[in-house]
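Alright, structures below, take your time with them.
Consider the two complexes below, in which chain A is the common component and chain B and chain C are the respective partners.
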Partner chain A sequence: MWNEESDWIGSFDALLARLAECSMCSRRSGERPGAAQMDVKILDVAAEGGYGRVFRCLDVHTGALVAMKQITMVRLSQGIPAQIIREVSLLRELHHANIVKLLRVGFTENRYVNLVFEHLDYDLHQFIVNRGYPKDATTVKSFMFQILSAVAYCHSRKVLHRDLKPSNVLINHSKRLIKLADFGLAREFADDFLYTEKLGTSWYRAPEILCHSRQYSTQVDLWSVGCIFAEMVIGQPLFQVINCRDELEGIFKLLGTPTEETWPGITKLMPNLHIYCSKFDPLGLETFVTDLEPSGLNLLSMMLCLDPSKRISAEASLKHAYFTDVNWI
Partner chain B sequence: MASRPTVQQQARALVIQQSLQSKRVSLVKSFGAKLLATVQAPAAAENNMKQACANVAGAPPVAKGVALAKRAVAPKPGQKKVTVKPKSEEKKEKKSCSLTSVFTARSKPKDQILDIDASDVDNELAAVEYIDDIYKFYKLVENESHPRDNIDSQPEITERMRAILVDWLIQVQTKFELSLETLYLTINIVDWFLAVKNVPKRELQLVGISAVQMATKYEEIYPPQVHNFVFLSGRAYTHEQILIMEKIILAKLDWTLTVPIPLVFLLRFIKASVPDQELENMAHFLSELGLMNYATEMYWPSMVAASAVFAARCTLNKAPLWNETLKLQTGYSQEQLMYLKVVYRKYSDPQKGAVALLPPAKNLLPEGSSASQ
Partner chain C sequence: MDNLLCDEVWLSKSSNTFEEVSDPVALKSYENEEFEEAFAVCLEKEVSFLPESDYTKYLHSNNLIFPRCRVIQWFIKCRSRFNISFGTVFLAVNYLDRFVSICQCHDWEYWMLELISIACLSIAIKFNEMSALSLHEIQVENLDYSFQSNVILKMELILLKVLGWRLNSVTSFSFVEMLSVGFLEPHLHEKFISRVIDLLIQATLDQKMLEFRPSIVGISALWCTLDQLFPPKSDTYIAYIMSILNQSQKDDIIKCHKLMETQTSMRCENHHCYCPLSPTTVLYIEHA
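== the complex of A and B ==
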């Protein structure tokens, strides 16, 4: 009979050195998750990027259009990438009308992870570029309300998206429905966590991240939403419009170089601020974002607030006067 | 497709609904008010008399709640400043009061509930605006997120083996300086996997290694590389085996790693306990001891966390052992957590050798350190 004492009180090293092979993981084992059948028929390539490709597919069971994101596992030696583990795990738990639905997950040839999502017509970036951006205020308002609803939901589930940008906002054309996508950089947050500062797309990155802060929270998403808001109104990225050497200088040109009074803690966060850039007086949002009603401009200024502690939350944004007459199209 | 109603339309509908409701309720309310007035009259008279006496004695009239609040706000060294608000203020919408509450109000002062987030209002990292929603959600889903009867279904794995694995995982966490979140998530993954898959005893550590690898990827900024885990296992497992097991676990768990672990509740409940460093450490210590004990799997993560805080307060003789703030935040009364005391009393009995009363084992501590450390 197996003796618990002799086998288990010693270290694991001694116990397991005798192992020749692991039955559960051997090639003979029937449960080897290799080429998982995704139950889809590929129609065409919808998009391509550094991560891999997105295919437009047909679900073989339902006949419905689906999107399959095929991610190449670059560092095979490290197993499934952290961003895929986070994205899939978080999307498994996030159920909201304005968040894209993950239908299935599988592996192909041990080199790819396949994520099957519901299909949407295009993203907000394509909508802005190809359709001359949403010129009517009603659409902008409706889109903003839906984006904020999704962000508020994520935050109430303790999740930061951290990569909000127009190409990660998908649109169902017929229903004028918005869905947040690409949770690859998302993660759960806590008030004492340190996070990486190497994330987000630079035009939509919050100033505290650009200042290399590793402690941040829900406010980083609101900055990105503010950038998306401005882009929907003016038709191009807000900080691309401003002539500057980098994003941080562009932010300071637009909103003014922060001081300890306007952003308490900035000198500690960025001690060489005065060396880094000259002192800019704020140009003001209204200089660039001209076609926006006063309440919208007010909301935008609250989102694009340099001091994160004074930046409006998604929950509060939804209650802002700008949305008093919001209509769902 | 029908368009969704505008905010104004919704508001209008609400106003109409409320006016109808108020008409319906007015009759009942007037009767209730008379009844309450009859009951409250003697209590009010008694209260006024006391107030008058206090004023004659030269003391300014101070509400009991305010006096207590002032006392509670004065922070001890190394303690966060916390403001106090009476229970009546906490739940403003609860305007109606029952007869029972009226009678009880005479016999005891109003309970004080600390607003444990008051000091974090200006701290953007604390996400105070969402904290209630977050914990409501955690309480809602915690029942689904903790596995049960995982060892009972295992032909080869025993509780003792699991305890030794957990002990080893705690060493791994310490060695790599991983976060507590990683440790708790690792053990959650292991327990879930044991609940859905039969594991040969010789592969239990492999499950542990792959679980900690997954947890570090989920929680840490810089997760340790696979070769570190190969080394940790004394090369008992190959690089490939660890990666294959990772896929097996993820598939079996349906990629569900976003779960409320006891730690998320523990951090909140410790905060509600207005702790000093000793209490905080004791609660964490007891919670980690709980991780090793298979019996704690029977209980919800929030109950395990609440029990750890309660046991810590009992151990350190904190008075009161439990209060209204902790009851509100944890959702458990002192009575619900009393099973701990029952066990303590049982083993304090001389017939059981009074083992619960024995001092901690100082010889387990490293050389030159004292129990107080």
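== the complex of A and C ==
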């Protein structure tokens, strides 16, 4: 086993030195000199989670507020975690007004990965919980349009987000600007590709994933956007409101238990469907989402369509009648 | 000297003669805006994932043609052992080529290339597959050297930094995937694609093919396979693809297709796999 003490490590270090000197490397990497130290001054901890911490920081060069996500690398035997590789590489090529900007990437003692992002004031979850949710229809419409613009852009670049939820939607308060964040579960998609089913937060998870399908596409993101839409209107997660033992039962209570007619292929996907849950007649979206204009309810029903093949796309959603009377587009 | 020979068992599995399919199914009609838009995005993106322009010359002058061939064959062996997709293999090759061409190191040793290759495959798997392999596991398949996890981790960091974390590469396989969706009935699709992939792998191992962009190689491989399996459909398909390309792209496709055809017929005549000729000097690897 060759290790750090072996003879060849001198050559390896020489290779590292050559790389460090290589002007092309720094040009290609898009990182400033000293990015390893991240060039930030930590102000406070903004959030903490299983992955690590998010710090509110000052950029030492510009004085601007930035957010630094520090992720602890737990399983070093696997090298750099896949989640970080995906998030950084996809954000490197997604340039859109409604997608959070990744400014720098760095490492500390080979144990922490530091991602420096532009700073935003709060997320949509905090906005809904702490501010009594966006009560005016114009804000809901504006937020929805911006979320859909970002999702449509991702899909046009063949990228699925796969973890859309209010806490991954960031807000710039003064500009009322929305930015999608947390691309840790995102991936490029291809037709007929098998993906993992273990993803996304269950309240925002599409029924095809809950039915253990590993063959899904852009429609999973649209389901999540529909759940966010409903939550902005009613002030709490739609499927939390419905009294049920799990998310799938909640979905079937709301929209009706699917049949081969309403969702072709469901019996193959879920052969034990009739055993798993009773046959529910749809309660209907309008029962729970009461304060939404008819065109909004229509768009919501097209997003929360059980059959993924009939679910509306992000591109088509942006052209929906719900957005026609808006002058800020 | 055994360890200098190309081990290409992976290619010889498919028969060398292409049997005729009497009634090929209709090819998908491509003529729609959405497809053309996606195709244009890929063409635009591929430019930013190419190695440096003098890459082939650089490989020659540093006697890296053959060692590169060896590590690509290692990727392919790993593919069957770990059941990873071909898409991942082509990503790993892209990372390798971009890294080596940017790095422009002048005293390569084979262990360096092996270490870089492990990092390339590891990153490609983590980017493109559902589950990752441990850095120990990935080294199980026929390597001359063995590296500790902390060394590979260090190499992964260097690789990502040099590539600017830009991993969503457009490869010849990306174009094949895009252009062959809904192409044939499922029972024919698998066979068709495996033939195309054979050609893509040969192209990847061939220094002459490095001159062509991934789109050119991908389209040429599809064209060659269609010529062999479904000749009547080939003209219609190629005519449409050509109609959405510019003149220089068309010229390149014709050139690449010709080269590919020549090599395929050579391979079929000789009844063994095509392998690029070894360079006049090669790095001899002493086993520890």
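Assorted remarks:
Here, the second predicted complex is superposed on the first by the 291 of 329 C-alpha atoms of A that agree within 3 Å, B and C clash if a C-alpha of one lies under 4 Å from a C-alpha of the other, contacts with A are read in each partner's own complex, and residues count from 1 in each chain.
Note that in this section contacts are C-beta pairs under 8 Å (C-beta built on N, C-alpha and C of every residue); 3 or more make two chains touch, one makes a residue touch a chain.
Please read all numbers here as calculations on a predicted model, not as lab measurements.
In the superposition on chain A, A:D39 makes contact with neither chain B nor chain C. In the superposition on chain A, contact is made by A:A316 with chain B only, not with chain C.
Within the superposed three-chain model, A:V105 lies in touch with chain B and with chain C [touch as defined at top]. Contact with chain B, but none with chain C, is seen for A:H155 once the two complexes are overlaid on the shared chain. Contact with chain B, but none with chain C, is seen for A:T324 once the two complexes are overlaid on the shared chain.
When the two complexes are overlaid on their common chain A, residue A:S217 makes contact with chain B while staying clear of chain C. The interface of chain A with chain B overlaps its interface with chain C at residues 2, 4, 8, 11-12, 15-16, 19, 22, 24-25, 31, 77-82, 85-86, 88-90, 92-93, 105, 107, 156-159, 188, 190-192, 194-196.
Per the touch definition, chain B reaches chain A in the complex via residues 1, 3-4, 6-8, 120, 122-127, 129-130, 133-134, 137, 158, 160-161, 164-165, 168, 181, 199-203, 205-206, 213-214, 217-218, 221, 223, 225-226, 233-237, 239-248, 250-251, 254-258, 267. Interface residues of chain A, counted against chain C in their complex, comprise 1-4, 8, 11-12, 15-16, 18-19, 22, 24-25, 28-31, 76-82, 85-86, 88-90, 92-93, 105, 107, 110, 156-159, 187-188, 190-192, 194-196. Residues of chain A touching chain B in their complex: 2, 4, 7-9, 11-17, 19, 22-25, 31-33, 77-82, 85-86, 88-90, 92-93, 105, 107, 155-159, 175, 188-192, 194-196, 215-219, 308-309, 311, 313, 315-316, 323-329. By the touch rule above, chain C contacts chain A in their complex via residues 37-38, 41, 45, 87, 102-105, 109, 111-112, 115, 119, 122-123, 126-128, 130-136, 145-154, 156-158, 160-168, 177, 181-182.
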